[in-house]
Amino acid sequence: MGSQVHGTQEFNKSKRAEIKFSEEAMAIVKGIVSHYPEGKQKSALLPVLHVAQAEFGGWLSPEVMDYVAEVLKIKPIEVFEVASFYTMYNLKPVGKCVLEVCQTSSCWLNGAEDIVKYIEKKLNIKVGETTKDGMFTLKTAECLGSCGTAPMLQCGASYHENLTYAKVDTILETYKAEGKLRSYTDLDYKNTL
Amino acid sequence: MGRKLLIHNDKVPNIHTLEVYRAHGGYASVEKALKTMTPDQVTDEVKKSGLRGRGGAGFPTGLKWSFLAKPEGVPRYLVCNADESEPGTFKDRYLMEHIPHALIEGMITSSYALGAKTSYIYIRGEYFYVARIVENAIREAYAAGLLGENILGTNFSHDCYVQVGGGAYICGEETALLESLEGKRGNPRIKPPFPAVAGLWGCPTVVNNVETIAAVCPIVNMGGDEYAKIGVGKSTGTKLISASGHINKPGVYEIELGITVEDFIYSEEYCGGIRNGKKLKAVVAGGSSVPILPAELILKTAKGEPRLMTYESLSDGGFQTGTMLGSGGFIAMDEDTSIVKNLFTFARFYHHESCGQCSPCREGTGWMEKILKKFLNGTANESDVELLWDIQSKIEGKTICPLGEAAAWPVAAAIRHFKQEFLDIAKSKKFIDVSHYNRLNKITA
Amino acid sequence: MKVTIDGIEIDVPKGTTILQAARMIGPEVAPPTMCYYTKLKTSGGYCRTCIVKVTKGSTQNPNPMPKPVASCRTEVMDGMEVQNITSPEILEARKGVVEFLLINHPLDCPVCDQAGECKLQDLGYEHGSAKTRYEFKRREYDMIDIGDKIKLHMTRCILCYRCVKTCEQITDGRVHGVVHRGDAAEISTYIAKAIDNEFSGNVIDVCPVGALTDKTFRFKQRVWFTKPVDAHRSCTKCSGKTRVWLKGDEVLRVTARKDQWDEVEEFICNSCRYDHKQVSDWVIEGPSKISRQSVISQNHYEHLNELKLQVLKQQKALGFMPLDKRP
């Protein structure tokens, strides 16, 4: 095993200096922090990490985590501990669209395995990999609460349910044509695609 | 048709908006509670209703509320557990997505009863779009004076916020949820102290499931006694069941507790029977953690009585021949399904979701997954069945939080009821996935 | 408050945990611990080796507790009855915990500097099985340096959280923690940072296994060939009371003093630990008291009389007759 970032992460000071939330993102962050009592701003960490991930290219680099620590006035290790615990935070670069195919029970019972294989073949990548053009990353996920509409995949904020091969084709084509970064924080979720 | 109290209006166009929700009687419980009842009276109605926690544990909600410590000058919190992640369960998502105001109404009424000036709705991160819907509904409620200072002109003020998670099943455990809400790793706390005494930021806190909180509205509206008339014995009221698997009509159903399992599976009102004319093989009745039962035991108890959708009837016979209502995640499997492979997906799930704090769960869940993988590879031996049994028994009850049991029970039940399937694979050194063709058919259609 | 552990009753003050009460009775009934540490607040509860069975909750509520509880984190109630070594169920469960702790452990004791003072070794010896049922590849990590004095050998770690709590509670800024989750969880610093402050060396002493070792001592000598003496010096940062491990006149390492439960009595500063490796730096008080069971005790014969008595007692119990009394 061994982790992807065991102690040896590189930290680039000049990269770090460039990292700053846009005014819009900063306003959202401040709004989140205001939900908690004075001095409890650490509570905002999970939602703020989502904002940061969307803002800085879909993943959390050491520099970004360091920045988030500064914004929330907590220690960098506190950010790293949390970011590495939860599955939705990417600690390595990913494609613009991260496809997460649920594989637990009900989804398995309804064909999730073949959906994964189909996407692997179609994109010519394996689970965990990113396409050469940086467009798609394929992942498997554990139960996403879509058991009645299985099989399903999540891409950013969007839930794509009752998947068939044909539906997967449409989803991939649409995202590719759009060519934009898909984040959990997206407002324009495309559940009906 | 059974009575519906929670999602009876789910098909009304725009019921997610405050305007339509109110036009259909929404926020009546807030009006009634804040204007005509004391907080203790609201709690009393909840106690009388017999409402039990809908997240899975089934603990009496009124009792849980009464444990809340109320020291002077210390804030109290209500936290809604919307971290729905138990495989097979998607009812909270349905409720929040379609009728978000039902949850917010419940949050206000419940907070009034508990004396909580602030509440949080912790929604699993993957449900980000659902969080948006709930946030919009909260904004509407603020604008209409249903949240904020002096709600509906009364002395009661309340703020309600949404917090999204980061992807971790364990945060459905209430103390892990609180840790996560404090911006930490979702490591369950060692109890005592319980959240009712020291919860969010060390303050007294009640954590309730989405459906539990939403159920407070009809209870206040109709009165606890009236609510308690629905159902059987200690299983009162209605329950949302998430139905999935090999049934004709998967989805979320609101049932009166007390209908028969047979009716639920086969009637047109609910699941509509097993797909493709297949026979039922097994059911996981209350989310992945609860013991799987073969068809004959889920339809009838060991005593031969019809099994009912109630807390008591489903657990009749203990774990030898019974199961649990749990979160109401109802997964039906047809005759072609491999119980071993389904169990593998559960084992993989618990391995993936173990927080890693305590050793039996951290090390044991992965070990069980690896052994089950051997069955799928056709490399398992007969002795592996005994080993699996022994490992699960050494996890169960030895861990900090119930994830240990949740990981152990499915393994134990699968071996208890379907041991032959394991042995057959071990003997033949071959795993044949009979249902593969059916699955492929569905997604290539 | 009265509590009965394995049939032995003891009176303890309110707020005492079952583990503390058991330790007051004595080592025979005290459950083993891997993560609990008296000096560290909120420690314990993770490893599950100290679990016991509460057969009677209290006089007021005599119901048994439904599941085994972690004795280190459960306070006694008046009239509580507890089974530790008298419960076959608990001994079996403990065997399970030991097995879980060992399935991913490298078992590299022959080359591990902790050997001889390793809690996991002791635990495995007392409660483990002779052979493993685990047939899969064990978890492995690369060794890393966290600072110039501490080696982190994550493969050996049992995630007791003691080092994390030590840094949180006795140093002025924690830079390492537990990252990732489940069986991928590991101790790590943020980026390649060093754990670097005046008290950081204490993480070595609190580590129950060979995951955190003193780089200045690594591969210098097996501990059982060294002679620990209690010593002190005047220090402005800590009490200066330490244990100095000698080989002849050479100071091989300096650690904090440990009590009967192998827990640090007083944390020491890095200057005492690393910078004073001359015998002349120290005022030697005398041989450290080391438990008779420890392999380290072979260098200490001050317990010889006690040992003789023990041997006699055991022989008597077994029906042996002393040599001089034989016909």
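Note that the chains are named A, B and C in the order they appear, and that numbering of residues resets to 1 at the start of each chain.
Here is the rule we use: contacts are C-beta pairs under 8 Å (C-beta built on N, C-alpha and C of every residue); 3 or more make two chains touch, one makes a residue touch a chain.
Remember, it's a predicted structure, so these values are computed and weren't measured experimentally.
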(message) Centre to centre, using CA atoms, which chain is the farthest one from chain A?
(response) C
(message) Of the chains shown, whose Cα centre falls closest to the middle of all protein Cα atoms?
(response) B
(message) Using Cα averages as centroids, what's the distance between chain A and chain B in whole Å?
(response) 25
(message) So the centre of each chain is just the mean of its C-alpha atoms; given that, what is the distance between chain A and chain C in Å?
(response) 41
(request) Give me the residues of chain C that touch two or more other chains. (result) 178, 180-181, 183-184
(request) Mind pulling the residue numbers of chain A that touch at least two other chains? (result) 78, 81, 85
(message) Please output the residue numbers of chain B that touch at least 2 other chains, ranges allowed.
(response) 168, 185, 352-353, 355
(request) Going by the contact rule at the top, pick out the chain C residues touching chain B in the complex. (result) 44-48, 51, 66-68, 70, 73, 93, 96-97, 99-101, 103-104, 133-134, 136, 158-159, 178, 180-185
(request) Going by the contact rule at the top, pick out the chain A residues touching chain C in the complex. (result) 1-3, 5-11, 62, 65-66, 75-81, 84-85
(request) Going by the contact rule at the top, pick out the chain A residues touching chain B in the complex. (result) 35, 37, 40, 42-47, 49-50, 72, 74, 78, 81-83, 85-89, 103-106, 108-111, 113-115, 141-151, 154, 157-159, 163-165, 184-187, 189, 191
(request) Report the residues of chain B in contact with chain A in the complex, numbered from low to high. (result) 75, 84-90, 92-93, 120, 124-129, 132, 161, 163-169, 180-186, 201, 242-246, 250-252, 284, 288, 329, 331, 333, 337, 341-342, 345-346, 348-349, 352-353, 355, 435, 439-440, 442-445
(message) Which stretch or stretches of chain B touch chain C in the complex?
(response) 168, 185, 190, 351-360, 362-367, 370, 387, 393-395, 397-400
